[in-house]
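The chains carry the letters A, B and C, assigned in the order they are written, with residues numbered from 1 in each.
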Amino acid sequence: MRRQIPLYIVLVCGIVFVIQFFIPSHESEFIFEYGQDWVMVIGILALPLGIWSYLRKTWLTAVKKPKERFFAGVSLFGFAIMMLTGLKRESLMAGSLYMELFEYVLIPIQATIFSLLAFYIASAAYRAFRARSVIATMLLGTAFIVMLRLIPLGPISDVNQALVGWILSVPNMAAKRGLLIGIGLGAIATCIKIILGIERTYLGRD
Amino acid sequence: MKWHEKMLNIDRRWIYLILGVAVIVPAVVSFHVPVNVTPEVRRVYDFIEDLKPGDIFYVGIDYDPASLAELHPMAYAILDQCFRKDIKPVVATLSQFGAGMAEQVLSEVAAEYGKESGIDYCYLGYKPYPAITIMLMGVDFRVPFPQDYYGTPIDSIPMMRYVHNFDDLKGVISLSAGTSSEFWIIYGYGRYFMPLALGVTGVMAADYYPYLQSGQIFGLISGIKGAAEYEALTEYKGEGLKSIPYQTTTHVVILAFIIVSNIGYFASRRSKK
Amino acid sequence: MIRFKIRLALILISASVLLLFGYISSPGQELEAPPEPLPAPPTNVVISDDPNDDGHTTIVSWQLSRDDGAGLNNVMAYEIFRSTSPEGEFLQVGVMGKGLDSYIDRGEKEKTRNGEPNPRYIGAGIDYYYKMRAKSTTGTYSEFSELVVGQAKNNWYHTGKTNIMIAVLIFSGLVIYFITAAKRGKELYVRPIAGIDAVDESIGRATEMGRPILFVLGTGTAADLATIAGYTILARVAKMTADYQTKVLVPVNEPVMLAVAQETVKSAYMEAGRPDMYDEQNIFYVTAMQFPFVAAVCGLMIREQTATNFYMGIFHAESLILAETGAITGAIQISGTDQLAQLPFFIAATDYTLIGEELYAASGYLSKEALLLGPVKAQDYAKVILLTLLGLAVITWSFGWGFFKSLISTIS
């Protein structure tokens, strides 16, 4: 029974929102917005769950694993500082300690991790861009042509320019649209499986 | 271990080190890299260059501070060109975090030329829901923006007196790092058919070339390279051209890596045979 | 001296003659210009309801002024005015350029604004009065057109979505048909997917090495379809690991995702008959921010030396950072996403990639349950139908026949 009720809720909500898509009326708009509000409410209610999970995990790591104690400590310290400085309503105003920490500590750290991407692109290209087979060679050749067009010195010739225009708007576009059709159908199929209760692994135990 | 095996299984820390050096070198040794101007960037430049003094041109600063590095140089160069040619830009933003930033760029460039808000340019500010805002601007700028950013009613702004919708403008350029570009094509060009050009980030470029081919946009400036091309055309001294040496060294290094790795791969295949 | 006087006289005479002529030939200042003819107003103004909305929009259409593009040819624009009563105050709701003959009047949905009635509000079933006038190129206006009245209606069916509805019905029919066929024991062939075949082997490898498995559900939200597909794969993977007693680590970046992932793994272990294996500590929340999450997951890979990494769901710029770190630690990596921009990175840096729809089909493949394979088969048939339609549309449209094209186009 515990498992039946969620399944019925899924079935009813699923069908209601499919029908809603085809009805432009005022009432139907209201149902849609009401549903969206619920998603937000659930998200906010789940937040303490996330914080509890984080605190418990990090605390246990600090206690049980001496090797990782330092890192867990840094993490908890950061959590405490951001929470304490962010408690006041004014802390979201420019110039507050919270915003200063956000702007001059968090954002630069994020930018640093993002910039790792440049290095990883180099090492991934070194490892993956090899002419292993006929198809891989074709890919390598195409990539080279496109890159020569996009580097600062490019396009190296008018032929290069025209060829890249064609590559991007014909084969590239065709492949993308093909993938998108597949993804669209796959998404609908998954929805039908969920609405009909065929796929229920995400629902948990009885 | 043979040389080609070594090459294939190179410790990736060497790769990171070489790339790191490639990033630092241009900061230490200054050198000049010629920038090839592509036709899609030139078309934007020529379009604005061919406008007459007093013509009105819409510049959408539709990005937020996160993509500032790539799109800011474009905004500076384009506004500089407009003011130099006495063209009157109408500026608005469709990005939530873009309003303050757009104001800063606009007033900075305007101050250089001694231009006045309301007479030489108009800044409308920010409105949410980009698609709807674009459609409403097609009806009348007064509908989404009854007042400009500073609170002046549009009807009391001298340069906006006879400007109602896109029909009264010479063209539109939107600088964006997200979906706004697509909205401009669908809801802007798709409905009102005004001349439209886009400025986008480097990773988005590939997605927008097809629109150039189909004629839905007349020009495209992409990434820091596009910004540099534009600066080269307008002779504006901005961040775009300054970034080109860094782009060049890193690109060349990555291309070299791919070539070296393939040489190693071929050599090892040959020796296996 | 005399010659000088004559010259002076001549100059004076000619100057006065010039002045006199100049006065006569410039009738300007004091004489009034003839009154400029006003343009004719637009005619036959009709107010109709927008058939596909919730009752806040009307469509105004009219016949062009006879001076628009013809006659005096001095119309520049049309101005549209609306009021709730024939004598009331009329509000200018729109301006349309010359040559255009209709205007969509999108009213606002809020009845009041700041405690006062909102003049831009349009509601269903209320009479709205409209009048129009033409504006000339010199800024003068025509007379107003005749006053007309109309209403907006609250509509119950979107006529532009009929083709979508038919497509959904056909596709659902196909899915149900294949599910029932599979239930009756019909053998459904689906092509093998390398990434899915590798799941077994990769779990076995982690067991042999005695190292944990990492499962990342991406940086989307709990309700994204790709994330849901991720849960279904997580369930299968967790069930397989229960038999081998291998640990699965699931760091998540959304609290709702945490709850769903915990339940998914718990029930998978129960199903495998090993509820004792479940440890809540292994499925944990890290942070909702993209790059801090990446830093945490990369750290986890290096510290725990995970033997197998799964990336299933929605990924953004972090895809390559995660996959390269995984490659450094020497893990076997299987990825799957429907984000086209990230697919190239995953294909380059991981061992196997489930591309787009394969991610959605994976749970069916892994469970080998007929019920779950039915929809995969239905997808194939739907694709055949769609591609045939697309082909027909392209060919017939090239010959000027728009029927098939209209079947697959949507109204925005």
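Annotations for the structure displayed:
Following the convention adopted for this analysis, a contact is a pair of C-beta atoms (placed from the backbone, for glycine too) under 8 Å apart; a residue touches a chain by one contact, two chains touch by 3 or more.
Remember, it's a predicted structure, so these values are computed and weren't measured experimentally.
Taken together, the touching pairs cover every possible pairing of the chains.
In terms of C-beta pairs in contact, A-B outnumbers the other of A-B and B-C. Distance between chain A and chain C, defined via averaged C-alpha coordinates, is recorded as 17 Å.
Chain geometry summary: the mean Cα position of chain B and that of chain C are 22 Å apart. Touching two or more other chains at once are residues 12 of chain B. Shared interface positions of chain A, i.e. residues touching 2 or more other chains, are given as 121, 123, 125, 127, 129. Touching of two or more other chains is recorded for no residue of chain C.
Considering their complex, residues 77, 94-97, 103, 106, 328, 341, 412 of chain C touch chain B.
On the side of chain A, the complex with chain C involves touching residues 18, 21-29, 39, 42-43, 46-51, 53-54, 56-57, 60, 68, 71, 109-110, 113-114, 116-117, 120-121, 123-125, 127-129, 176, 179-183, 185-194, 198-199, 201-205.
Those residues of chain A lying in contact with chain B across their complex are 118-119, 121-123, 125-127, 129-132, 140, 144, 146-147, 150-156, 161, 164-165, 168-169, 172-173. Across the complex, chain A is touched by residues 10, 12, 15-16, 19-20, 23, 33-36, 38-39, 202, 205-206, 209-210, 212-214, 225, 228, 244, 247-248, 250-255, 257-258, 260-262, 265-266 of chain B. Interface residues of chain B facing chain C in the complex, by the touch rule stated above, are 12, 136, 139-140, 143, 164-165, 167, 186, 203.
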